[in-house]
Structures are given as C-alpha cells and as structure tokens.
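Okay, got some structures for you below.
Next come two complexes built around chain A: one with chain B, the other with chain C.
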Partner chain A sequence: MLGRTLREVSAALKQGQITPTELCLKCLSLIKKTKFLNAYITVSEEVALKQAEESEKRYKKGYVPPYNATVVQKLLDQGALLMGKTNLDEFAMGSGSTDGIFGPVKNPWSYSKQYREKRKQKPHGENEETNWLITGGSSGGSAAAVSAFTCFAALGSDTGGSTRNPAAHCGVVGLKPSYGLVSRHGLIPLVNSMDVPGILTRCVDDAATVLGVLAGHDCKDSTTVQDPVKSFILPSLTDVSKLCIGIPKEYLVPELSSEVQSLWSKAAKLFESEGAKVIEVSLPHTSYSIVCYHVLCTSEVASNMARFDGLEYGHRCDINVSTEAMYAATRREGFNDVVRGRILSGNFFLLKENYENYFIKAQKVRRLIANDFVNVFNSGVDVLLTPTTLSEAVPYMEFIKEDNRTRSAQGDIFTQAVNMAGLPAVSVPMALSNQGLPIGLQFIGRAFCDQQLLTVAKWFEKQVQFPVIQLQEIMGDCSSVFENDLASVSLKQ
Partner chain B sequence: MAAPVLRWCCPARRWILANIDRGPRHGRGAPTGSRSSGKRGQSSVAQQPLVTAQKPRKGEHQWAAVVGLEIHAQISSNSKLFSGSQVHFAAPPNSLVSFFDASLPGTLPVLNRRCVEAAVMTGLALNCHINKKSLFDRKHYFYADLPAGYQITQQRLPIAVKGSLAYSVCVGKKRSQVINKTVRIKQIQLEQDSGKSLHDDLRSQTLIDLNRAGVGLLEVVLEPDMSCGEEAATAVRELQLILQALGTSQANMAEGQLRVDANISVHRPGEPLGVRTEVKNLNSARFLAKAIDYEIQRQIEELENGGEILNETRSFDYKLGCTVPMRDKEGKQDYRFIPEPNLPPLLLYDSASLPAGADPQQVINIDQLREQLPELPSVTREKLVQQYGMLPEHSLTLLNEVGLLEFFQNVMKETRAEPKKVTSWVLNTFLGFLKQQNLAVSESPVTPSALAELLNLLDQKAISSAAAKKVFEELWRSGGKTPAQIVSEKRLELMQDQEALEQLCQATMEEHPQVVMDLKKGNPRAINKLIGLVRKATLSRADPTMIKEMLEKQLSS
Partner chain C sequence: MWARAGRRVLRAPRGGCRGFASPAGSPGKAGGGGVSAGREAGRAALETGRIAREVVEHLERLALVDFGGPEAVARLERAVAFADRLRAVDTDGVQPLESVLEDRCLYLRSDNVVEGNCAEELLQNSHRVVEEYFVAPPGNISLPKLDEQEPFSQS
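Then we have the complex of A and B:
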C-alpha cells in the first residue's frame, strides 16, 4: 500500500480497502523503522492520528437512511441480526457488481478448491491477483456474502435479474418473488414497475422461510397485494408426474455456452425421467424483450434519479454560482458513467417527440411479452425451465473488456422478461462447469404461485446435489470454523 | 380605438404581500394582517365600477379577447396528498415534512382518501363527469422546491372532466343588471403542491421550506369562455364560494390556497384564435382582473403596431400594474410525462357498481358523496330572493362579501324590521362604513344585535331615519353602548310633545316671513324649506310628516 501513488491510495481509501487510520499507522510505523535515514526532524504522531480520525469521519459522511425498509424491519421484528450492507453496482445498474463506488465484488469461487484445482491443470501462469472472477450482479455483494458463509441469507434487488444472476454465478439460490408480494418501501428504485426485493440463500427452503417473513401487504406500498398471504412452508415433493415443465424454445440463443445448454437439457431429461411432462413452448416476443426493457428501464431511471439533486441529502458539489450549475456539477460528480448514460437515454425516450415511438411502443411490447407468459401458463404449463445466465462467471479482466450496457444486455437476457411480466422466478445452482464454477438454472412460475415454484425448485435441488464450495485453503485461520460449518451443512443434505 | 379597455377607477391599494416567481410567498410577520386584507381583496370585484369588454364597438378594428384559467385550490385536509404529514398554514419552516415529502430514496406515495373525496365533491358541485378510473402521472422539471424532480399529477386521465360553472356579472350604470354566464370546465385533476423558495438576494441564497411540498391540490381548468378580467374574476369568486361551501378548500387567495394562472389571447371575430400568453402569480381577484385586462390591451397594441404575440409565460407586476415576461420560464419546457408507477389506477364506484362485500374504508362511493353535498351558493342566493323578495344583485353582494350573509341573517333573527329595510341597511349603510374604513365584516365594531335593535327602534317610529343614521355613526364610533342608550344620551328620540312642536312651527314661520310669503304665492317647494328649518330646530328629532301636517294646519288657520 505504501508503495502506491497518491492517486492509487486515494482510490483505495474511497473504496474502503484501507481506512485513513490504518494507512496513518502504517506510515508512522515505517517512519519509526527508518529513523536512521534522518529524514524527519519532528514526527507529529498525535496530530496525524487525530487528522486520520477526522478523515475517517469524512469518508463515512455519505447518506445514512433515517428509516428501515419494510423488508429489513420485518426481518428485525423476527429477531434476525443485521450483519451489514452489501456491495453492488451503482444504483443497481449493472450485471457484474463491478461498477460500484466501493469497487468490484470478487466471486468467492475464485478462491475455491474446486476452481483452483482445475486451473492448476492448465498451463496459464497468469497473475493470481488480477485473475479473480466477477460475482455477476447487480446484487453481487449479497451473493458473495451468502456464498462465502458470512451470513445465512441476504437481500438483493431484482429489476432485470440482479438477484438471480449473481446467485447463479456464486452457486446460491436467488429468488425473485412475484411483483406485489413483497413491499418495495425502502428499496431504492431502479424501475418501480419491475423492482422486487430479492432473496439470496444457500438452499430453497431457506429462501421460502425468508419469503414467509417478507411477503404481505404493506400500507406504505400501494402496489402490494391486499390478499392475505398463504404459507410458504414447502412440502417435499416425491411425485412429479403431475407436473408440466415448459422449455421456451426462444431461450436457446446462439450465445448460450454449450455447457449451460447441456446442463439445461440434462435438467429437462431429469424431470422427464421422473415422470413429469416436459414440453417445448414458445414465448414469441422474447427477442424484443431486451430492447423493450432497455427503453422502459432508462425512462424510469431518468425519472427516479431526478431527486438526487444534492439539495435534500447525499453528495453536493461546491459550486454555488446558481442552483442549475449546482445541480449539473453535483449530478456529474455523483453519478458514474453508467448511471449518467441511462439518465440521458431515458430522458431522450421521454421527450414529447419521442414518447410515442419509444416509451408507448415499449409499453405495448411489454404487454405482449407478459401475454406470452399468460398464454403458456394457460396452456397447462406449471413451471418454465430456462438457463439463468449465458455462461459461468468470467474473470474480471475478461468482463471489463465490454461496456456495461453490452454486459447488461447479455447478463439480463434470460431474466428481465420475468420482471416485465411480474412473475416469480428462482435460480437454483445445478452443477459445476468444467472449470469448476457453478451454473444455475432458472424456474419461472405463475404470478403469485411462488410456493408452487419453490416446491419444484426444492425437488430439483434435492436431485442435483450441488457441491458445497470449498474455501478452506484460502481462508487460512478460519479453516477450522469452516470445517465445523461444513460438517453441519453436509449433515443436512 | 375600439379596444376593450378596462381600467379600475380607484388607485390600487398596496396591501398585497410581495409575490415572487412561483406562487405566493408569505411574509412571516403578520398572518392576521394578510388575512383581513385578503377578504377585502376578494370583495372588491363586485364593487368597482368598470367598463366591460363584452360588446366591443363595431368597426374594422374590432378585437375579441379570449381568456381561459387554470386554478389551483389547496385541498382542505389534515394530511398531505401522498404522505401523513400535517397541513398547516404558517407553521415553522420545514416542520411538516415527512421522508416522502423530502423525496428520500425508497419512499412511496400513499393516496389520501380525504383528498380524493374533496376532488369528487368539487367535481359533482361543478357538474362534472366523474371518471370511475383515473391515473397519476409524473411531470418532470428541476426546481429547488420540488424535491423529487417531478410532480405527481393527473395528466392523461383526470378524476373529473366536462363540467360547468355558472356565474353572474352585474352590468349597467348602477350595476343593477345581472347577466348570467357559464364557463365550461375542462377537467379537475389531483396533484401535489410544491414547496416554497425564499430568495435572500443580499446573501445570494435560496432557502427552501418544504411544509407545502406534497399538499393536495385541485387543479381546475376553465375553458377559454371568458372575455375580460371582470368575467374571469367573477368566475373565480364563484368557484371560491363553491369550494368554501363544500369545505374542500379554504380558497383564501392571500394565503395561497387559491392560485390562478390565466391564458389570454386576442383575435378578430371569425378568424382563428390568436397566440396566447400565460400570466402567472395572480393572487388576488383584483390583480387577476387587472392583469388580464392589461394583457389584452398589450396584445392588441402589439398586433396593431404590426408586432406579434409570443407564446410565453408572463407574470403580473402588481407595483407597476403590468405583465412582464418570466425569465426562468424562457425556452420550451418538456415535462417528460411518465405514468406514476407506484400508484395503481384510482378506482371509484357508484351504488350500482360497488363490489359486494367491499371494505367501506377501501372504496369511495360517488353517489354517497353526492347525497352529502351541502347547499351551494346559487341555491342560497335563490332562497334569499324568494324568502325576502331581495333583488338578485343584492343576493350576489351578500354572498360575495365574506361574512356578510351571516351578519344579515343574524340581524334578521333579532329584528322586526322588514327584510327590504334590513337589506338596505346592511348593503348600503353597514357595507358602506366597512368599505370606507377598509374593514372586513368580522372586524366591524357594530354587532348584528346592535343593528337589529336600532332597526327595531326605527320600526317602532321611536326615532327618525335621520336619527337612526346618527345612532349608527355613534355605534360605530363608540362600541359598547346600546342603540337605546345612545338615543337617550343624545336625545334623539322623536318629539312626542305635540304642543312643543306646534310652538316650534309657529316660531319658525314667524322668523322666516319671506318663506311663508313664497309659499302663499304658490311656490310648492317653500314648504320643504320650512320643514327643514323646523327639523333643524328639533335637532332632527321630529317626524317630517308630522311637521308638514302642523305647518299646513297653521297656515290654513
């Protein structure tokens, strides 16, 4: 750290890799060790430490919400312990958890025994430091936290796949409940009409347990349904012969990796072999979905981000020539390129002369996409089975070769249509790839049939016996803790 | 020049508080003062003589003015439109601000039932079609007192549409001719109010008060069916009375509970409508009329001088009495409307469509609200005309003056005097004194009971009309005394002593032989002079009819 440039160390401080006090102590300790150089006449240790303390306060000055989200409060009311806030892409805009102010999130599988062993077989010899994998996103911090056993469950947000995508990449269960089942009060909006608080756990039963706590009408969110919530306790399915699983043919896209594709087929065959009816279905408007999502998402983003003007809360720039100049500079400084780009496109789509051609048209396409699902479910299909992502997690260096927009379009390809239709969906880890990385598959259910969806997912989870991540080697001191933990986990399974 | 020139005869009294660019700003000092002046402002419309623009003279320079209004009425409710914060005028700055009002991330709007009911009641009272399904939209613009960067309104499908507002304008030299008019109502929509910006030019700071942010507004859009300032001001006054009768808004313009923007254009009849301008910041009925008439005149002059009218927003400078372009409204605004995704469609029911077993707390029944509508001002006026044989223009004045109808009714309760007599005293003497001293009815030193007692004395012929006026003056000057006390103190009762009066008549005739001579020569007016002289001698305490009888008797004897 001490060898870095001022620029680098400044970035490290901003990203929280090191605190001002830690950095100050490092300097002080080295000053003592190098006293023989006779570089310093006076060492102002006390003053420096005091300044470091003040600096620390300034770094923490950002926005602290004065109220709890309904989902957080519900968990606290049940006696849950809150371990912390997890990392994500800025304002949940991204599919890698690489574009946040606190720096990228690293996938725990990068450090797993399973992945490392596979890599050793290959003659790479690349720099281990820079070769870690992304978690997917945007709720990558939550997925990594659950995957690395640091907590039992985590909340995410899911607007286009932000819970399911990192769940698939990190080998955990990611649930996006039906729109209107779980309160959005306190969830910072991305696209209000698609946002749902997501749930990340290590098994389907846990996701159902958390959903049971979170679901239900909230008078603070007018879009939550008023009907009383049914139980989410999942029965253990023994017979799947009455189930009809739909395989949407439009989800077989050229970009789909062969490994994911073969696991998808394998899963379908698994259902078939156990007596379920597995049929190919068509969701004809799928190919328009990602473009439609882009227009609707950026339009609502443009609207939702308007409040971040630096007046009531959050970052405010020093410019005070005029209110307008203050807005402009505050928003330029406060938002990253991705957020600014989406605000600009959204405002473009909402201009009077563009509204009909973009926003209204996209709303119509959204209706068609939602109808596609309705038609399929009306034809007797209980649950749809699709991939969650195109491939397994990629190394960070690989991921950042493409821009955020392209990556988001790829990352959300199988997930965002569900958000446009308001349906429940869950990503369940199925197996490890040849590289030793998790691959998840997605189940999509009928609106408000979250329990049925999770019941099928639970049966599938039991059949596939996804391996537990082995982190002992890299965790060093913590390995003994892990061994105990793993013993109990494996007992369960 | 046959332009509809409208000018107020009286110089403007400078009682209105300063207004800045967005809605009324309230001086923190004297809410009481502004309250009373507001009432005076509201009443002045009917009183000011003016030349109307309804019938421009024929000729090739004929112009017709077209005026439409957008009126924002603050809904009278305990809490805001989408949050639980209280609604209060003149509370300490930023003391009534919820997390939602400050647009904290993650907060969501929750619709206030009372505001919806107020909108439905107002719609029904204005003969509107109530939409059983209405939608909310976001209207975007950056402004320091708009924390979310957008206002939630009803652009696409408002709660009420296609109504009408009937109002009456007094015309003629004595303003005794009442003409009934109607303006169509395009729509009524529910929307949020903004906060307030207080500009401190000295320190070049803007201070924001969010107490008003999120208060429920009814935006009432009047079609361009009016043609001059007086029509617009009278229509607004009628709407104000209706809102107050309904209790849906206090509609006090001085407190900013009623704000009016006017759309104005001129054209030659038969030709397409001209380019319109919008005049904002009209926070009294008088300034509304004045601004509209100024703007009509300005547009005509501009066009006659070969200029053109720009589609722009202007504000009324009450000090200069003219409209000026608003700098911060320059350039085309694109509000980038978008459906409000956090509010489901607003559904209303009638008795026929009410779902069985619906929770009464969760549904609004239009029919039920219709049954609960109170008496509207037009009905009250009709009742006055029928019950008391009152002239329509008198019923108009009684309602237009704040508190005057109640004053009149209280006098009526306690007096035996004829309604016509009471009307005349209340509208001429009482109101005249109020106007002269620039007071509101509530500030009057004369109570309804005192006036009733005075009118009883008059009715019993215990005092003369002239003496009654003196008693009234005395009541006004020295509150606390009863009319009977004043009458006896000032010895104003009619002279009941016949003999003494006869002696006075005799003495007067002897003192003025010339007048008696005139009278004998056949000049009929001479008797009036004698009567006047006798009355003067009695200190106006004698009945003129009685004096006349005595004089005639003595002359003929």
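Then we have the complex of A and C:
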C-alpha cells in the first residue's frame, strides 16, 4: 500500500480497501523503523492520527454537508456549541417523529415522575417500557433534546407545525418565526413558500434570544426580507389591558379533547381577568385549510424531492443499466413509504389535467385563508389564542395504528394555516393533563410582529408557571442539576 | 411497464396538448390522434375515485418512484378524495397565492463571484466519481419491459 501512487491510494481509500487510520498507522510504523535515516526532525503522531480520524468521518457512507446552514452558522458565530443533530420524521414528513430511518423518538415525559405517578393509579398490564409516548413531530428529536435538559436550545423546521406540535407534546416552547424573517439557506426544502426554521427552548425569553441571533436578511436566501431587524429583547409586560386577544371559533372542533378545550377556556379567562379584551373571531375557511395544505405540500414536495437522484450525494443504488433505472431504484430504496406517497400524490395534482382543479385551486384557497387572518388582525386583534394540538401526547403503539397522512392531518390541524399565511406563532406549555402530560397553547401574531407575539407569550408563561419535568429517577447522579440550580434559573426573570 | 409509458410520452404531443395557454374549461385541441390515454383516465379518476392503471404508470414514470403495490394506489385514491373537498370552496375571482411576500420586490444581488472552488468537497459526497466528474449510467435507455403484454390500446 505504501508503495502506491497518490491517485491509487486515494482510490483505495474511496473503495474502502483501507481506512485512513490504518494507512496512517502503517506510515507511522515505517517512520519508526526508518528512524536511523534521520529524515524526520519531528513526528506529529497525534496530529496525524487525529486527522486520520476526521478523514474517516468524511469517508463514512452518510452525507456530510459541505456547508453550514445560515441559521447554524449564525449560532456558531455567536459561540454556540453544537451538541449534535437530532432525530426527526424522514424529510420532516410526519407529526410523530416515528418515521425516520434512525427509529422513533421517545417523549421524555414518558419517564417523568409526573406521568409515572398517574399511571400507577391505573391498573395496567402492559410493560412500562413498551408503552412510551411519542414526541409529536416532525422535529421531535429537537423537542425531546430540549425537554430532557440535554441542551439549551434546538433548531427544528416548521412547514405545517413541525416545531410547535412536538413543543406542545414535550412541554417546551416552540417558535415559528414569520416567513421571510429567518434564512432558509441550508434548510432542506419541503415547501419553499411555507418552510421556516423553528426554535425550541425551555422558556420564551430563550426563544427570543435565539431569534435575535437568527433573524435578518441573508443574501443567500432571496426570500428573506431586507427590513432592518427589530430588537427581540422582550419587555416584561405587567399591564395587558391594551391587548386584544382573538379566539377563532372554527378552531373548536369536535375532535378537540375536553382537557385541551378547558385549558384553552381557562387561558382566555385569564387574559380577561387581567384586563385584556378577549373576543371571539372568525376564520371562515378554517375547515378547508388542512386540505389546501395537503395539496400544496405534496405538490411542492414532488418537485423538491426530484433532486434526490443519488448522483451527486446521498444513497445510490448499484444499478448501472441506465440513468432512469438507477434513479428509480435509488429512490425506491432511499425514500420511505410516506415520502414516496407524497411525491406520487403531488405528481398527481400537478398532472396537466389536474393542475387547475387541484394545485391552482389550492393556491386560491390559500389566499382566502391568508385573507381570513388579515381581516381578523385588521379588526383590532393583536394576537390569536388557539390550542396547538388536539390532545396530549399519545402512546406510540396507539399512534401507529393510523397511517401517516391521517395522523399528520390530525397533528397539523391547528398549526398549518399559520404556515400558509406566513405568520409567526409560538406554542407555550400551559399545564399538565390529568395523566401528567404537557398541554401547550398556541399564540399567533401579525406578520413580522414576532416581538409583540413573544411578549404576550412571555406574560402568559409567567402567569401559568408550567411545572418543571421531573426526570430525577432516570437521570441518576445528574439529579443535582435539577434541584436548586434549575429552580432559581428558570423562574427568575 | 416503463416502455409502455415511454411510448405514450412520445405520443402525447400528437394527441393534442391543451397546454397552459388555453383558458381553463376550454375543450382540448384533441386532434386526430385522439386524447392520450393518460388524460382520459386522469379525468375518469376524478369521477369514480379509482385511479386508472395508465395514470399509475404515468405517475411512476414522472416521479421515478414506484407505488410498490396496491396499498399505495389505495393511499393515493384516499389522498385525492381528501383533496376533492376543495371543490366546495367558492374561488371565483380569487387570484392564486404563490408567496406571502408577493407585495415585495424580489431583489437581485450583484453578479460577483464570492465563493466556490470547493469541487473537492462536493465530490466527496458522491458514490461514483472519476477524477472531477460525477459518473452516471448511460442515459436515453428506457427501462426493460416487465410485462409480457403489449399495453397499447389507442382510442
């Protein structure tokens, strides 16, 4: 191997005949044996082995992005430490974080004292281990990571609610900024006209802090607005009497769990009792919103997923007969059923004979939906208050009984209209359910009024004092982290 | 299956392209060659809720993703039925919304090269590379026929 040329050994490394570390060790060994030649004045053994290790990572099968997303780079530039990449539904398609190639994500609340104590009161025959709860999705890994205290903030994506949904189920704050405020450069596109990077943190102030770092024009994303970015330092609101909260009546759907409904009422009464004006408003096209989203999402997905052909990056099949055969086989292997289903649906809606009746029709309905919001905000409403999810997190075994599309339609029901209108929205945990699980509520603001939205959310958060998750049992000797330290940090404003 | 679709793609222009230029609702310029099987079948699907075989194959060809079985076709049928609910909305006189930022100008940046020269890094992510080229299998070859039957029924 050592006698080969540079090109030859390069090819051997690529084909996996030898690993960088093995090669490096061979060279180092020979350097030691030929020490008598006195050719080297310094042998940088440690550096070489470290570089070999880094090189190995690059040769690994998975895709290694050759650049950082703008949102990631911005955080790194501010000194953030990247703890890792989190799990999600494949291509962010799903509302459970159960359909990824790395397996499903478990909701930390499954292991919380609050949940376990409630379960002990009920007779149950199942094994504790198999009855864990979903995180919601698709950015479930990020929500779980923040919820379990493994990091202080996480990024997700939000196209139909993928950040807010798991935030509600995991008892954390999930922010979807206004479309055009945060760069999408480096965010794998699902629906270019709706995607935004999402922010998950344990409190509203933290979300505002992260937003302050991420917001702003990016010349690499032409859909970011060029307006100067307003400050995201949140005032501590004490007087809500000038605030007008809107409650959209169409969001009171039969499928809404009674617990969530009662918390929603309680929240409305809370604002009212503190002097805010709370009024019922109407978003008339709400019932068509999820259908409209379904058509637009699958159509854009059909187009956006076309780039995954195995040629320049990613999984590639070994078929060499023709490009079409290779693409077809690669995509069959590389995409799961959910993704393939959406691509095919999207292609159906984009067929010439269907384009007008489905895609264009959906775009028209989208305008009606966006206008509904505009009309409500023009009538003097500052912020809308709605549920984030239909219920608390469900057990995985129950979740998988229905297919992804059905679950997504249920999971996204309160959240996707916001993406279609491009508005900012945030899910804030309010209280625990009777089963000891988090329930969050959603605040929706006017476009580019993210600061105002978060100010209201922060006030609400302070009022409700959502309990800290108790994970001491499973955290073992890390439990000291949670006691006095955390209490004083999270409640002090 | 693929060869069949391939042939139909070649035939489609003869069959009369309605194209995007004609206003919605106008009859297609169906010429002598007849309307392509796919379009008829596509319209039929909208009525009965069943997706015709030609449409299934056409979609597989367009998407380069296969259905994998009847369950997936059933899933598509349900997705289409779900989407059909949009018909109930009155959208007369409503313009399609493409972007929520439609009232703003899409700006251009100046045409200066500020980064690049990263061929090495980009090539690393590919499975098949020869020197500075991504290597693809030969193009312009239709996939082998999987069926024995001759698919073609014109008319």
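Heads up, the rule we're going with is that the second predicted complex is superposed on the first by the 421 of 493 C-alpha atoms of A that agree within 3 Å, B and C clash if a C-alpha of one lies under 4 Å from a C-alpha of the other, contacts with A are read in each partner's own complex, and residues count from 1 in each chain.
Following the convention adopted for this analysis, a contact is a pair of C-beta atoms (placed from the backbone, for glycine too) under 8 Å apart; a residue touches a chain by one contact, two chains touch by 3 or more.
Note that the structure is a prediction, hence the values are computed from the model and not measured.
After overlaying the two complexes on the shared chain, residue contacts for A:Ala447 are found with chain C alone; chain B is out of touch. When both complexes are overlaid on chain A, the residue A:Arg164 reaches neither chain B nor chain C. Contacts of A:Asp403 after superposition on the shared chain: chain C is touched, whereas chain B is not. Once the two complexes are overlaid on the shared chain, A:Glu300 sits against chain B while remaining clear of chain C.
When the two complexes are overlaid on their common chain A, residue A:Arg202 makes contact with neither chain B nor chain C. By the touch criterion defined above, A:Lys352 lies against chain B and chain C together after alignment on the C-alpha atoms of chain A. For chain A, the partner touching the most residues, choosing from chain B and chain C, is C.
Looking at the shared chain after the overlay, A:Glu324 reaches both chain B and chain C. In the superposed model, A:Val365 makes contact with chain C only, not with chain B.
Of the two partner chains, chain C is the only one touched by A:Cys292; chain B is not. Residue overlap on chain A between the chain B contacts of one complex and the chain C contacts of the other covers 63, 66, 193, 219, 222-223, 226, 302, 309, 311-313, 323-324, 327, 347, 351-352, 355. Taken together, the chain B residues at the contact with chain A in this complex read 99, 102-111, 138, 140, 142, 144, 147-150, 206, 208, 334, 336-338, 341-344, 362.
Chain A makes touch with chain C in their complex at residues 14, 58, 63-64, 66, 179-180, 193, 219, 222-223, 225-226, 285, 288, 291-292, 294-295, 298, 302, 309-314, 316, 319-328, 331-332, 335, 337, 340-341, 343-345, 347-349, 351-358, 360-368, 370, 403, 405, 409, 421-422, 447.
Of all residues in chain A, only 63, 65-67, 69, 184-189, 191-193, 219-223, 226, 299-300, 302-303, 305-309, 311-313, 323-324, 327, 347, 350-352, 355, 359 touch chain B in the complex they form. Here chain C touches chain A in the complex through residues 2, 17-20, 24, 38-39, 42-43, 46, 51, 55, 58-60, 62-68, 72, 75-76, 78-80, 82-83, 85-89, 91, 94-101, 104, 106-107, 109, 118, 121-122, 124-129, 134, 136-144, going by the rule given at the top.
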